Amino acid sequence: MADPRFFTRAGPFTLRRLAEIAGAEIGNGADPELTLEDVAPLEAAGPGQLSFLDNRRYVDAFAASKAAACLVHPDLAGRAPPGMALLVTRKPYKGYALCAQAFYPEPSPAAGVSPAAHVDPTAEIGVGTSVAPGAVIEAGARIGARCRIDANAVIGRNVQIGDDTRIGACASLSHCVVGARVHVYTGARIGQDGFGFAMDAAGHVRVPQLGRVIIEDDVEVGANVTIDRGAGPDTVIGRGCMIDNLVQIGHNVHLGPGCVIVAQSGISGSTKLDHHVVLAAQAGITGHLKIGAGARIAAQSGVMRDVEPGAEVCGSPAMPIRQFMRQVALLGRLSRGKGSGGDGRDG
Amino acid sequence: MADPRFFTRAGPFTLRRLAEIAGAEIGNGADPELTLEDVAPLEAAGPGQLSFLDNRRYVDAFAASKAAACLVHPDLAGRAPPGMALLVTRKPYKGYALCAQAFYPEPSPAAGVSPAAHVDPTAEIGVGTSVAPGAVIEAGARIGARCRIDANAVIGRNVQIGDDTRIGACASLSHCVVGARVHVYTGARIGQDGFGFAMDAAGHVRVPQLGRVIIEDDVEVGANVTIDRGAGPDTVIGRGCMIDNLVQIGHNVHLGPGCVIVAQSGISGSTKLDHHVVLAAQAGITGHLKIGAGARIAAQSGVMRDVEPGAEVCGSPAMPIRQFMRQVALLGRLSRGKGSGGDGRDG
Amino acid sequence: MADPRFFTRAGPFTLRRLAEIAGAEIGNGADPELTLEDVAPLEAAGPGQLSFLDNRRYVDAFAASKAAACLVHPDLAGRAPPGMALLVTRKPYKGYALCAQAFYPEPSPAAGVSPAAHVDPTAEIGVGTSVAPGAVIEAGARIGARCRIDANAVIGRNVQIGDDTRIGACASLSHCVVGARVHVYTGARIGQDGFGFAMDAAGHVRVPQLGRVIIEDDVEVGANVTIDRGAGPDTVIGRGCMIDNLVQIGHNVHLGPGCVIVAQSGISGSTKLDHHVVLAAQAGITGHLKIGAGARIAAQSGVMRDVEPGAEVCGSPAMPIRQFMRQVALLGRLSRGKGSGGDGRDG
């Protein structure tokens, strides 16, 4: 089980209740009143514990698991060991996520403003919001209800934050409007000037950055991420986007809803991603491009042209993934033919 | 116009005054007493607003713009719509930058040290400098006049900072000497130990890093940037360098004046960039190299050898950009010839 | 010598004492009572100063050096100039590191908790530990003896920290157990949620991250690094690992002892590195891989498969370094043959 110093477990829950939470059906005649006390991975789970099978690769671990109950896709339910209660759903990982949230709800810190926080008297703090020691809330900021502002975070002048949003320790926000149920992780930087200046041999000249950052509802912004405010238009992070650690988002960038931006990738100024684009780790997109809905950009790619909806691209410069694979294979063949002593291993 | 919650507009200004500010000439017989109240992009600008045309690509938007006045290069002035007042200059973007700075000057925070800041009694704070709540100024630090130390920033022991410099929220500085008119953005880390140790199977042994970071005047250091102090020599950032977010600068690196280092790029230890080098996003330079004046390193490049002044390089390992383009084109041709079903799109 | 505003020198030391510190032998009949006052590089060193020769490339500088004494490998000792005292060792750089640590010991800040720190009454602070202004120590945290918690750092609820560990300014830790003699640099983020969620068109669903971060003894974690806590298992950083700035470590990653992770590289979830792996700058490893002991991953590589112990890989996708070099050479030849005007320079 999770280390009780750091995690507080709720429950227990009956199988019936977990089926409701997960949107699953109770399978194989299991007892709806079976009591579950925790979640655990397939290999570690035992009596009283709920696990899940999401990937056909782990079907052997499933068949051998001692978990009391398991979330499973209907196609794989038949592989369950005898005596395991099943929660059958076409989305077992989503079901697991929801059940795990039930067992381990976000802790609610003591509501109220710490006397060791620095809150400007003109700032508004919603009901049930906690402000931790060392947090600074500047003049005119408006923070919704049930928010959590962690230690040493800084909320700049006139920033607006919706309900149920969490701002992590040491994060800083300025020039932005943030929605509800957003989680800004530790050390993220939101709203600073974009990288805009007139290059000049006599000294580059800063162009004032007159836009904002708009973060819609249900967004996650990872640790030490940087999101610059717009140069005139706004920088916009669409509803439900998930942004991993150390990502850079340039000025005027728009992310449509549901995009997933993996660690250490970067998006240059004025590029627009339609909804549900996935940008894998350490990838980059140059400025002023359009990336179509559902496109997938492979890790370490360098995108220099628009990408069609649903396309998968890879490489630097990026190209369709099949083309990239052909080039990699071709180079391998050619260099083995030409070279000597090659052993054909490729890492 | 810019959101008044976050931006305070100055002005209005006459066309005559803006011509002085921009170093431009009033064209096409426009009235020098015409009053301008704001800046705006070509498509959005209307009566009372100043715009600019910097790129021939936007000449149609210029011809159709309803802006009251526009900064424009002499070669394109003839394309102006009737009734638009012109400010003619060979550097219209620089002119726009200067005018926009006039309309939107940096806000001056209330001068003085917040009672919620933690300033060591031996630190010296210049006249007109503001120190925000939660900022920590350690013993012996000397901060110039009219500086701005934002919330929760940390200025280490004996650090020196020149006049008119701004240190962003949650940034931290140690072992460094910083010039005038420098802007260190939120979360930047300056002066920590470089990555130096003697590798040893029995346990790597730290080598004390005995140098400093020297930041000359008019430098910008982006959000969450890391600049390590020298190992013995200093790490030096030359006058007027612009460093974007999440850049890594290793120990003993020297940047000459006017370099531009774009987001997420990195420079390894002891490498020296001459003046006005441009390092595009996510590029890297290995250690102990010399990069000539005005060289341009393309995005995601990996530079493993010295680069000549004025050269443009691309790729990993980096090569002259024409050679890189030839290799990309060649691989495309070869793989299409060998493969089947290729459609020739490249992303 | 090092700037006395930032560095406090100890000593002087006799040659005899430095030989003990370095594990070296006094060579060429030098006087063991010779007094040394400082360290310096070969070209700069003079009377009273100790230098080192670690690399055959600098043997001319060694032969011309005016250093009073020098650490040198036995094979090169014969090249010493007349009158230079020698400390002979097979590990001169390690010897230098140890001597430099003696001349420039870590400064010990005033012990005790600053009245401007925010320490929860249930936290435990060890003897001789200093807590700087603005630092926040949350409920139940346990911090060992002789630690140093710098300004505006945040130590989360129930976090445990061993003896002699330093947490840099503005760093934040949660859900973690940290060993002895660890140095977490400024702005590092340890213990936040891993990037785990069930993707869903109706809105991605967060999967609670129920593991911790375990940092063993003698580890360094660079500035603005991010280390996510495990999803269920822990994220583990093995004894003596050196992690440079702006590195990303995903959930469930295990680093064996003595790994070196250079700046801006990233390791995706659940990947395991055996001991003494070196990951050079801006490299990436995808998830769920095994990297063998002593493997070396070149800068900017993208590792997509397991790597054998001792292997050296390069490229994206990564391959054995000899194969990578053959491909680079082949492409160069082919593109010069096909193109025109190529000059054969490669950057």
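The chains carry the letters A, B and C, assigned in the order they are written, with residues numbered from 1 in each.
Simple rule for what comes next: a contact is a pair of C-beta atoms (placed from the backbone, for glycine too) under 8 Å apart; a residue touches a chain by one contact, two chains touch by 3 or more.
Just so it is clear, the model here is predicted, and its values are computed rather than measured.
A rotation of 120° superposes the C-alpha trace of chain B on that of chain C, rounded to the nearest 5. Residues touching across the chain A-chain C interface largely differ between the two copies, under half of the numbers being common to both. Chain A and chain C have Cα centroids separated by 28 Å.
Across the assembly, chain C contributes residues 134, 152, 170, 187, 224, 246, 264, 282, 300, 316, 331, 334 that each touch 2 or more other chains.
Of all residues in chain B, those touching chain A in their complex are 2-3, 5-7, 39-41, 91, 93-94, 96-98, 100-101, 103-104, 114, 116, 132-134, 150-152, 168-170, 185-187, 218, 220, 222-224, 240, 242, 244-246, 258, 260, 262-264, 276, 281-282, 299-300, 316, 328, 331-332, 334-335, 338-339, 341-343, 345-347. On the chain B side of its complex with chain C, the touching residues are 118, 134, 136, 138, 140, 152, 154, 156-158, 170-172, 174-175, 187, 189, 192-193, 195, 197-201, 203-208, 210-212, 224, 226, 228, 232-233, 246, 248, 250, 264, 266, 268, 282, 284, 286, 300, 302-305, 307, 311, 313, 316-320, 322-323, 326-327, 330-331, 334.
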